[in-house]
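I'd like to ask some things about the structure below.
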Amino acid sequence: MLDLSDRALAVLLLAPAAILLSLIIVYPVARLAYTSFFSLSLTSGLPAEFVGLENYKLMIDDPIFWETTWNTVLITLITVPGALVVGMALALLANLPFRTQWPVRLSLLIPWALPLSFAGLIFAWFFHSEYGVVNDVLNRFGIPGVIWFNSPNLAFAAICLTIIWKTSSFMALIILAGLQTIPRSLYEAADVDGAGRLRQFFEITLPLLKPAIVVALIFRTITALQTFDIPYMMTGGGPGTSTSTLAMYIHQNTVSFLDLGYGSALAVVMFLLSMCVTVVYLRIIRTKG
Amino acid sequence: EELKVYISSQHQPQVWRQVLDKYEAANPGTKVTIETGGNTSEAQAQYLNTIMSAKDSSLDVLILDVIRPAQFAAAGWTSPFEGKDMSVYLPAYAEANTVDGKVVALPAFADSMFLYYRKDLLEKYGIQPPKTWDELKAAVKKINGGENNADLQGLSFQGKAIEGAVCTFLLPYWSQGKSLVQNGKLTFDKDAAVKSLKLWKSFVDEGVSKKNIAEVATDDTRKEFQAGNVVFAVNWSYAWAQSQGKDSAVVGKVGVTRLPAMTGGDQATCLGGWEWGVSAYSKNQDAAKKLVQFLSSPESSKFMAINGSLLPTYASLYQDADVVKAAPWFADAKQVVETAKPRPVTPRYNEVSETIRTTVNAVLAGVMTPEDGATQIESRLKRILR
Amino acid sequence: MASVSLRKLEKSYGSLKIVKGIDLEIQDGEFVVFVGPSGCGKSTTLRMVAGLESISGGEIRIGERVVNKLAPRERDIAMVFQDYALYPHKTVRENMGFSLKVRGVSMKDAEGRINEAADMLGIGHLLDRRPGQLSGGQRQRVAMGRAIVRRPQVFLFDEPLSNLDAKLRGQVRTEIKRLHQQIGTTIIYVTHDQVEAMTLADRIVILRGGDIEQVGTPDEVYNQPQSVFVGGFVGSPAMNFARARVEGDALSFANGDRLPLAKLARGRQGAMDGRDLIVGIRPEHFVTVADPAMTLTAKVQVVEPLGSDTLVHFLIGSDMLTARLPPDMRPEPGAVLHLGLDPSKVHLFDAATERAIH
Amino acid sequence: MASVSLRKLEKSYGSLKIVKGIDLEIQDGEFVVFVGPSGCGKSTTLRMVAGLESISGGEIRIGERVVNKLAPRERDIAMVFQDYALYPHKTVRENMGFSLKVRGVSMKDAEGRINEAADMLGIGHLLDRRPGQLSGGQRQRVAMGRAIVRRPQVFLFDEPLSNLDAKLRGQVRTEIKRLHQQIGTTIIYVTHDQVEAMTLADRIVILRGGDIEQVGTPDEVYNQPQSVFVGGFVGSPAMNFARARVEGDALSFANGDRLPLAKLARGRQGAMDGRDLIVGIRPEHFVTVADPAMTLTAKVQVVEPLGSDTLVHFLIGSDMLTARLPPDMRPEPGAVLHLGLDPSKVHLFDAATERAIH
Amino acid sequence: MSHVTAEGPASFFAGKPLRFIAATILLVNGMFPALWILFTSLKTEAELTVKPITWFPHAPTVANYMQAFSDQPLHVFLFNSFMVALLSTCLTLLVSVLAAYALARLNLKYRGLILSAIIAVSTFPLVTLLVPLFEIMRALNLLNTWIALILPYTVLSLPVCTLMLVSFFEGIPRDLENAAMIDGCTRLGALFKVVVPLCAPGVFTAGILAFVNAWDEFLLALSFNSNPALRTLPVGIQLYQGEFAFPWPVISAALVVGIVPVAILIVIFQERVVSGLTAGGIKG
């Protein structure tokens, strides 16, 4: 290939990504944002009508919007750190020098290789009050089983546990990859410097993993804000709407209620929410220098 | 000409294929292909909504759940059948497919909710099939007292937030002579709603139904009943055939009857079934309509009744000798189907449904009182059906 | 401060034996320098002492404790790694202060020690940089600084000055010496630099292929090399070796030169008649004016003027020898010189065993 | 083969100017050695020639081409990195063969050249290892080998032998010299080793803080240092400096010693009466027997026996001086020696500008 | 496979018992649900409603597997899923390696902006883009082709893979790349011959990410490829369950069949991820 100036090379290298992104995302997103200013409900039989911020105003006194948003934020606040901690632990465990590596790698990846919707189904089954293995195990320890999905809190807990289980392997995977690129000699130096394992973890591992962790966190947070399949499959948002998420509500409004205007407005709000989070993370990256 | 028919794969596409073969034979030059997908009503709706929102013309004929024609018509996704005489069908289907005076789809087959019961147990304790929910409760208590089997539940119904829960709510509600929506207007009766919700909750509280009824979906009811763990079950027609299948523990012990009423009310049941619509974006409107006419014809209905155990949409077919021979219990079913009520016919049915099912689920899970539930349903429905 | 003792220390990688049973007692406060050819196992030995490599056999004691199973941090050592192993995400200051921070040294004390070490190494102005922004020699000095801010029981230095210029190296060397004299810590030091080895060491250990070849004071290893290998390894330019045979009372060289044996052998029994010897002469021990009986005939091949001296390479038979002559001597290639020998400075080795003849 | 010319070459990191406008013409086939203190910009300059660092100012030509904007691979150079930069995932053989593979050299040719280079560097038995399994010196030799299997227009060597022992270093040095004589490629070589610089270089470039301090043949820089800096930097042990003042026809030192100016100044105009000078004397230029008028009184402070020589450190006023004396001289600290000087070997510098007086 | 000594300071835990515990935790956490599906797939439907529940199948049967393959063309689903996932993984890796390299190594002026933009585009939930995307695919005449899925799946994983690779590339010493350029590589040559192999763990992880993202996706696959011959596994598996039927054992069997290829892939590829590759490369 030709040798190009850095600038030209950069343009060339970024072009495929840019083209794909604009085709698949930018255009649809632009349409989405545009639609959010229209009253466009396919079930009304009326043509689209420009209504300005009307859809956004509607949101303000839509209790379900607030409830689902709150649930979404809560799920994010619980499952992102949860997945990070569990994922980190799993990665550290998996990074031990096992003689045969593949069972370890496999068990790290299986949760993640299980399609999301089916993970939801399977865990719904696990948490089933009668036929579920969770209650069965509890019973074996002499603890009476509970009806997980009869209580908003328990249902919420079950969902969060499932999400953490499912997503911690994503975290673990990225962290594990990061771990493997840290030169061993740094641990040797730290060891000689007198740092214990814990200290090494905080002074060497963590700082050097930071880029990988931030990447994992950004995307985990974004996907947490978009949580859909697992509550959809496990509780359908129930009992009532107590475990419904914003994404489920958007899905309902667009795909089921066909209220494209309102659905788009909701999506834009979710986008803004994600962006806020992203900006915070990017700031963290930048301070890295 | 090529036509593409969308049939969800739970509706026996291979049997429908035979009907289409006949059609192709009768109409040389027409080729009909089947596209299957979206195996539940919801998955199917999800798929069709995407395609239709994008104004895709690849599908000509669509099979639609009975609750959808109104929505599809309002969105302008189906073409109306001008001048079609609907009186040949069971009245409920004529109603369900007519929106604002226009025929928007033609019935494919019928369905409704039944009360399944354990004939053997009822006979053992000398109980008649209950006509009211109170009778049912009493029957359960008697049987439970006698059987002393902790695993045997009295009544299984759908408490999970699925479409079935809408019917769950409507059964006692209707039974009190109330309706929910008339001519697109909300006719909500809060007292009736509270009573309905209280009734179901009382089943749970009194141990007639399981504590985890809020987890129970349609097929859970079927499985539990089939495993012999349930005395009474509220379910659709499909459960019959399976309860007589080889995996069933209750072969020959199953009775089917109309659903009970509220004391002092009328027995009412929930109408199911599916309809044929012609996509508004189809490039072969006339051919598609002709095909739908055929699919919805008495011959096809009869064929499907015999070969697919699908309930006919024509009253006369329930007495048809061939049909009765193939499915003897259809004779009992007719009365039920005839009196079944369609769920509210409104373009915004999905929202109505969502409101009702989540509330029913919340009440049954015990996180909301029946009164609050009724209030919530009322306020949300008002918003939806402004 | 503590003594270090290696007993039958072994290290293998798979079937490859890298360190082959080293026995060495290092006194408390002693300064021991390891030298040996590249790949002979110096770093490996150091790393075993530090606890960074598992020990395949034998034992290591620091003070009275057997430390075979102790983690590096429990051994109280400081080490300069041959490849530096600086923390890339920490500044120079943080790199140097890390061990102090870990051990809970107060901020103020730590600051003081860091600045002191940094000044000594001439990297005071670099304290806020990251290793990625430093030159090679600066990195090496940071690695050095990281070790010396500590006050451990044992210092391990693995070629700590190899990337420094002669002047700086001289300075730092002096500082290390001073440091050692002040705090008296036991030091094990690997170097390729002759001057460092000779000036710093209490004892020099010459390693060869995973074995100890000789241990001794700088004087001993320089003046009494026990083998051709040691003779050739210590001193720069290296000692010259010429094959010769004892013929009667003379030592006969391939080019026909004959040197009287009496003076050379000084009573060493090994130099029996007919025996093949290797004669070792250091380049700096050739003199231009000498006893005519004690001269070698040198046919000059290559002349290398170094400024301070001139190196003259010449052949005796097939052996290439080098003489370090005064800088103003610049013989032409091809010239024949008669180079004198101080018989007391000539080393005799057995040609077969390559060991010194006593 | 090609000439290399640097014209007003500059490099800055942010506001920090690292290389400050270097002008240098390197002839086709010339062997140029860069020396200078750690951090003075040697590596940076080399990396700019290689095209690895952007150029902040000035221009670089290789042959006739201005290469400022050319990619490294288009400059046809080979380089030994100070930090080795071996490909950790490739074996030694692959590391060495990579450039040949990239350039489409046939397998057989490549094999041959790799084996040749490996033999020369004594790493033939390591060809199938990965860098992680090598010792420091072995890694450095691989880095060296990777460069020399190529036949580029210009070789860039950044301290290529710093991790080798003296003996090996001597061997490899000789091989490099031979290589250069055979193929005559232009070579730029950074080293801290005095011997390497003196023996290899056609010209030595002394860098100081990003500037060229002096350029000259080894003889020139050794014998005619243009500044105190060069004098002190070239030669090991370093040149001694003592402050002195011209008083009439004598040079007067802080310890009261007076040397006759006539012989020293040899007609240099700079040595005017009353002027403060810095007198530079190399350690190897002190002699024990000499013209009594030309002696300095040395109060011995420290004695360092090196085997081949003895270093004696002594004070003149506050200036510490070092003399390299024969190995058998071992004065006691505190003893007073009278060390003679060869007046033709004494250097005079202006005390203020630190530049040589002509 | 690396045989690091147990005492290796890199391990956070050391010693046999700890490793045993670690292995147990990992295996239970990862394998339990998968094993549960496996057991379920060997049970009869009736056994599922037995109380108390059974862990191991009483009378293991492969009937569910037979049914899974006879009810639906499972092998077709598998093939489609595999090809779509594989191709989109390759495309994702290619595109994101290039983009990540540009972001990590070429000192771009608007680096921060580009990074944010890449992240921003991934913050829209897919559901909301379904209809416009469908229209695009229809306009490009791509409905019912693999490409209809490959393109969006590529984009789906592109941001996360790019960002991840950026962080890995930044960890590779520049001098290794410099050495390659001196040795005669172009920038891209150095990227693919030196940087990418050294980032193997990162690239592998990105690849797995992309693969599983594509392997899992349901919504787009359902809408864009309605032709049964082009259906992917998640869509296909959904077909086993109906309004009135939820044949757990058969679905489990199909799931097991769906997990096995991914598992095999992981086992094969994990061998390639050699840890600590940068050891010995540079001094610093």
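A, B, C, D and E label the chains in the order they appear, each numbered from 1.
Here is the rule we use: a residue touches a chain if its C-beta (ideal position, glycine included) is under 8 Å from a C-beta of that chain, and two chains touch if they have at least 3 such contacts.
Heads up on the chains, UniProt names are A = Sugar ABC transporter permease; C, D = sn-glycerol-3-phosphate ABC transporter ATP-binding protein UgpC; E = Carbohydrate ABC transporter permease.
What you see is a predicted model, and the numbers here were worked out from it, not measured in a lab.
*Asks:* Return the chains common to the contact lists of chain C and chain E.
*Replies:* Where chain C and chain E share a partner, that partner set is A, D.
*Asks:* What's the rotation angle, in degrees and to the nearest 5, for a C-alpha fit of chain C onto chain D?
*Replies:* 180
*Asks:* Of all the other chains, whose mean CA position lies farthest from chain C?
*Replies:* When every chain centre is compared against chain C, the largest gap points to B.
*Asks:* Measuring between Cα centroids, what's the chain most distant from chain D?
*Replies:* B
*Asks:* By number of C-beta pairs in contact, which two chains lead?
*Replies:* A-E
*Asks:* In terms of Cα-based centroids, which chain occupies the most central position?
*Replies:* So the chain nearest the centre of the shown protein is E.
*Asks:* Give, as an integer number of Å, the spacing between the C-alpha centres of chain D and chain C.
*Replies:* Centre separation, chain C to chain D: 22 Å.
*Asks:* Please compute the C-alpha centroid of chain A, do the same for chain E, then give the distance between them in whole Å.
*Replies:* Computed from C-alpha means, the inter-chain centre distance equals 15 Å.
*Asks:* Averaging only over C-alpha atoms, locate the centres of chain B and chain D and give their separation in whole Å.
*Replies:* Spacing between the chain centres: roughly 94 Å.
*Asks:* What's the distance between the Cα centroids of chain A and chain B, rounded to whole Å?
*Replies:* Between these chains, centre-to-centre, one finds 37 Å.
*Asks:* Which residues of chain C are in contact with two or more other chains?
*Replies:* Only 52, 71-72, 82-83, 86, 88, 136 qualify.
*Asks:* Two or more other chains in contact with one residue: find those residues in chain A.
*Replies:* Residues 3, 130, 183, 185, 188, 190-191, 208, 255, 260 of chain A each touch two or more of the other chains.
*Asks:* Where in chain B do residues touch at least two different other chains?
*Replies:* In chain B, residues 46, 50, 53 touch at least two other chains, as defined above.
*Asks:* Per the contact definition, I'd like the list of chain E residues that touch chain D in the complex.
*Replies:* 173, 175-176, 178-187, 189, 193-194, 197-198, 200, 274, 276-284
*Asks:* Where on chain A is chain C touching in the complex?
*Replies:* Counting only chain A, the residues touching chain C are 183, 185-186, 188-196, 199, 203-204, 207-208.
*Asks:* What residues of chain C sit close enough to touch chain A in their complex?
*Replies:* 47, 50-52, 71-73, 76-79, 81, 83, 85-89, 98-99, 102-103, 146, 150
*Asks:* Could you please specify the touching residues of chain C with respect to chain D in the complex?
*Replies:* Within the complex, chain C touches chain D at residues 13, 35-39, 42-44, 82-83, 122, 133-138, 141, 158-159, 162-170, 192-195, 198-199, 218-219, 222-223, 232-238, 282, 284, 304-309, 311, 324, 327.
*Asks:* Sort out for me which residues of chain A touch chain E in the complex.
*Replies:* 1, 3, 6-7, 9-10, 13-14, 16-17, 20-21, 23-29, 31-32, 90, 92-119, 121-123, 125-126, 130-133, 136, 139, 165, 169-170, 173-174, 176-185, 187-188, 190-191, 197, 200-201, 205, 208, 211-212, 214-216, 218-219, 222, 225-226, 228-229, 247, 250-251, 254-255, 260, 263-264, 267, 270-271, 274-275, 278-279, 282, 285-286
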